[in-house]
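First comes the structure, then the notes that go with it.
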Amino acid sequence: MDFSVSEIATSLGADLAGDATIRVRAAAEPASAGPDDLAVAMDLKYAAGLEQGQARVAILWAGADWQALGLKAAIFVVRPRYAMSGLTRLMDPGPDIAPGIHPMALIDDSAEIGDGAAIGPFVVIGKDVRIGARARVASHVSIAENASIGDDALILQSVRIGARVRIGDGFIAQPGAIVGADGFSFVTPEKSGVEKVRETLGDAGEAGDQSWIRTHSLGAVSIGNNVEIGANSTIDRGTIRDTSIGDGTKLDNLVHLGHNVTVGRDCLLCGQVGVAGSSKLGDRVVLAGQCGVNDNIFVGDDVIAGGGTKIFTNAPKGRVLLGYPAVKMDAHIEIQKALRRLPRFMKSLQQDK
Amino acid sequence: MDFSVSEIATSLGADLAGDATIRVRAAAEPASAGPDDLAVAMDLKYAAGLEQGQARVAILWAGADWQALGLKAAIFVVRPRYAMSGLTRLMDPGPDIAPGIHPMALIDDSAEIGDGAAIGPFVVIGKDVRIGARARVASHVSIAENASIGDDALILQSVRIGARVRIGDGFIAQPGAIVGADGFSFVTPEKSGVEKVRETLGDAGEAGDQSWIRTHSLGAVSIGNNVEIGANSTIDRGTIRDTSIGDGTKLDNLVHLGHNVTVGRDCLLCGQVGVAGSSKLGDRVVLAGQCGVNDNIFVGDDVIAGGGTKIFTNAPKGRVLLGYPAVKMDAHIEIQKALRRLPRFMKSLQQDK
Amino acid sequence: MDFSVSEIATSLGADLAGDATIRVRAAAEPASAGPDDLAVAMDLKYAAGLEQGQARVAILWAGADWQALGLKAAIFVVRPRYAMSGLTRLMDPGPDIAPGIHPMALIDDSAEIGDGAAIGPFVVIGKDVRIGARARVASHVSIAENASIGDDALILQSVRIGARVRIGDGFIAQPGAIVGADGFSFVTPEKSGVEKVRETLGDAGEAGDQSWIRTHSLGAVSIGNNVEIGANSTIDRGTIRDTSIGDGTKLDNLVHLGHNVTVGRDCLLCGQVGVAGSSKLGDRVVLAGQCGVNDNIFVGDDVIAGGGTKIFTNAPKGRVLLGYPAVKMDAHIEIQKALRRLPRFMKSLQQDK
């Protein structure tokens, strides 16, 4: 695949200068770009890299003096992060999944697969599954009975879609993602130590010698449109109602959503985030890597939490959080400053006394 | 599938009232229940939901006035959490795995599979594997040479059971669980920086330019009866002895157990918990989501740790823990209260001086 | 398989005493060793165990009185941890993957597989893939188009190697590891709440009602020689350049590396570590379990971080870190000591006033 400067500029809605007919084959960092690469140098700090590399064409910051940079052509962008999304979408060859249904895929006769599907080898699709148009399903995937998936799905290797799971259009699942594992819900015949601790905040009482009885998951998982689930992430089904994820929400790798969790729309849950059972996240919530959300709490719309934040209690709309346990980010910063001074501070006060 | 009111009440050992012959098809939350659903409303707070929904039958809290709630029949439960386990067990259709051995499963001639097995497509079962009666093995599973698994196993998609792993009866493994990966154990020919830090608590000394040499895992994993392993969890084999998990213990999704770890019986390890190599957990230990346990330590029976607790040192029997590093839960709460006041407190003291 | 005492001693470069012709079948802990086992008792503290067990041969600490311990032969080691690597390498039977290419493996005609390969069933190898000599590839693996892997690879069940990924010699991947998932990179057309928080450290401003647009990953993953990746770990491809891992680096289970991350050589990343996008780790960095590294930061050579450390800012070469947020280990210990005294300390000061 290659692309002309004018094609790229058009797809980004960006201005160009110089020879619009030059064709490039790949994007590259400025310093390592070859003569057929498009150097990505959307900030002044990459100017030096351009000199080291051999690119004839670059994507530059608005107002850059492209000729002084020794280029034959240039494309100018205003919001580089956003331009990257357009550029990479254009140039991504995507995974190689042959059109049609591979002879080594096992698809139940009752399943309905929409037009234009590409389904790889060793895929298993169960009874009464419905998949929309233009699905791309890579090798080793399984989609269990009565699951339904909308149009334009991209489902990568060894993804597991459980029974009765319902997913909207534009779904992307990275390899190993599991949608619809059973919830982790166990109960003892009599009150357990954990229940006592929750009631008393600290005393487990006499721990009984009881075994855990399983609560099965009768609910499924409901997922809106344009949702992406990261590699090896796990989403449990609900107990009675469905676990649910709203439109436009994106989950990174190794994210865990417990049973009955509700995630709103346009949320970002970064790598290794965990949300415990029955908690509810509003819309546009952003949780950085390794955040944790306690069970049965509510995290309001537009909450943003920094890396590793552990949210134990309800968080109001718009709150910016950090810490374990989570506090407002500015409070966290104040506390950390105080903490670093604390040992010396305590020593000095004791000398005073 | 549908169920009569009397069948449900009998299976729960619960009292019923009204027309015991009405049949329901599924459990539902009260407000969204249709006329053929069983509304699950085991607490007074769900009474309003019943009015919104169309259920004719509900599971109610003990003493509820079912007729005033407009129902045709009702089942009464004393311990709702426990009743849920019975109800959901009754109503769970379970995964759809066809009886018998799928023609696309590859089973070594030397393997012994007990009566009543259901083994899905693209399964690989190695030499001298032994699996008990009534096993249900979903697609894409592999069970390596000399592994043995007891009766009534439910092994879901793409679970990996490593060589020589031994598992008791009633085993459940959610999709993607890996039992018997190699331990993470590496050593340098000469003392490494990490070893020096552990000895001196803080000084890595001159870091040598050494590479890590692998210690292979000769041990396997031993798992008792009635153990469940969550989706994409990973359990490493031991170095010489087996990594082991006691009867009745349940692991949630994305849990990691390092090599040589011993987990007692009836423990609950919630989502994303990690236990480092050679540590030992007693019986009935409960670790909430994202807890971590340092290597080579001991966590006593009946220890309960809140979300995100990082346990660095031995924890005595019955201790309730929270925090990073873990302290007793009440101490943690005291410390956090003090911390929130600390910045202002330090400021006020400095003004005094 | 069995091994003579002299074979074992030779392979370890260790001294032996007694009957060098005795053969043993397996390594065992001293107390549970049978007469045909090799007891592993490299420290004085295992002497009692030897009396309980039935071993005739043991690996002992230097200078041990083997005859007084009732043994017929003994092997003496100076650095036990290192000796374990040699012993376990010698005795590990390795996974059972039949030589040659299984008839149920699907290998594209354009792929080049080196001599001596053992490739299991239900494996998928894509176009123009190149794999070196003596590769062992277990069942259910997929290796996507244009990936290249060096000699002596051991790739276990359901590992996913993405398109264009380049890997050196001596690669080991535990089951479920995913190399080359798409990066987690999303952008809003206008500035998002997260961007505002990063600029102002605390104020998300008016949260706009925007959806996330995907930045595709055009880069791949580059991995050096002698790298091991743990079970269910996930490594994302880069946006423009490759995500990269240096020679000799080892990743444990459930580790997450974001897009564009660079990890140096001979690093150890323990279970559930996460490194966010575009961060750079130097050489010989050791991150204990559940550590997190913020995006776009630099962690210097020889940095060592204790369990659960969350590194938010650049860390200089050789620093030993602990805590959330990470501080120098000795500062962390000082702070924690102060913290435990803090509630009482504040109370006493208030009484003074």
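Here the chain labels run A, B and C in written order, and each chain numbers its own residues starting at 1.
The definition used in the following text is that contacts are C-beta pairs under 8 Å (C-beta built on N, C-alpha and C of every residue); 3 or more make two chains touch, one makes a residue touch a chain.
These numbers come from a predicted model, not from an experiment.
Trainee: What's the call on chain A versus chain B, same or different interface residues, using the half cut on shared numbers?
Mentor: The interface of chain A with chain B is built from mostly unshared positions.
Trainee: Roughly how big is the turn, in degrees to the nearest 5, that lines up chain A with chain C by CA atoms?
Mentor: 120
Trainee: Where the CA atoms of chain A average out and where those of chain B average out, how many Å apart are those spots?
Mentor: Each chain reduced to its C-alpha mean, chain A and chain B end up 24 Å apart.
Trainee: Quick one: which residues in chain C touch 2 or more of the other chains?
Mentor: Where chain C meets two or more other chains at a single residue, that happens at 122, 140, 158, 176, 232, 254, 272, 290, 324, 339, 342, 349.
Trainee: Considering the complex alone, what residue numbers of chain A touch chain B?
Mentor: On the chain A side, the touching residues are 106, 122, 124, 126-127, 140, 142, 144-145, 158, 160, 162-163, 176, 178, 181-182, 184-189, 193-194, 197, 201-204, 207, 209-218, 232, 234, 236, 239-241, 254, 256, 258, 272, 274, 276, 290, 292, 294, 310, 312, 324-325, 327, 331, 334-335, 337-339, 341-342, 345, 349, 352.
Trainee: Help me check something: in the complex, which residues belonging to chain B touch chain A?
Mentor: 26-29, 32, 40, 79, 81-82, 84-85, 88-89, 91-93, 95-96, 104, 120-122, 138-140, 156-158, 172, 174-176, 226, 228, 230-232, 247-248, 250, 252-254, 266, 268, 270-272, 284, 286, 288-290, 301-302, 304, 306-308, 318, 320, 323-324, 328-330, 333, 336, 339-340, 342-343, 346, 349, 353
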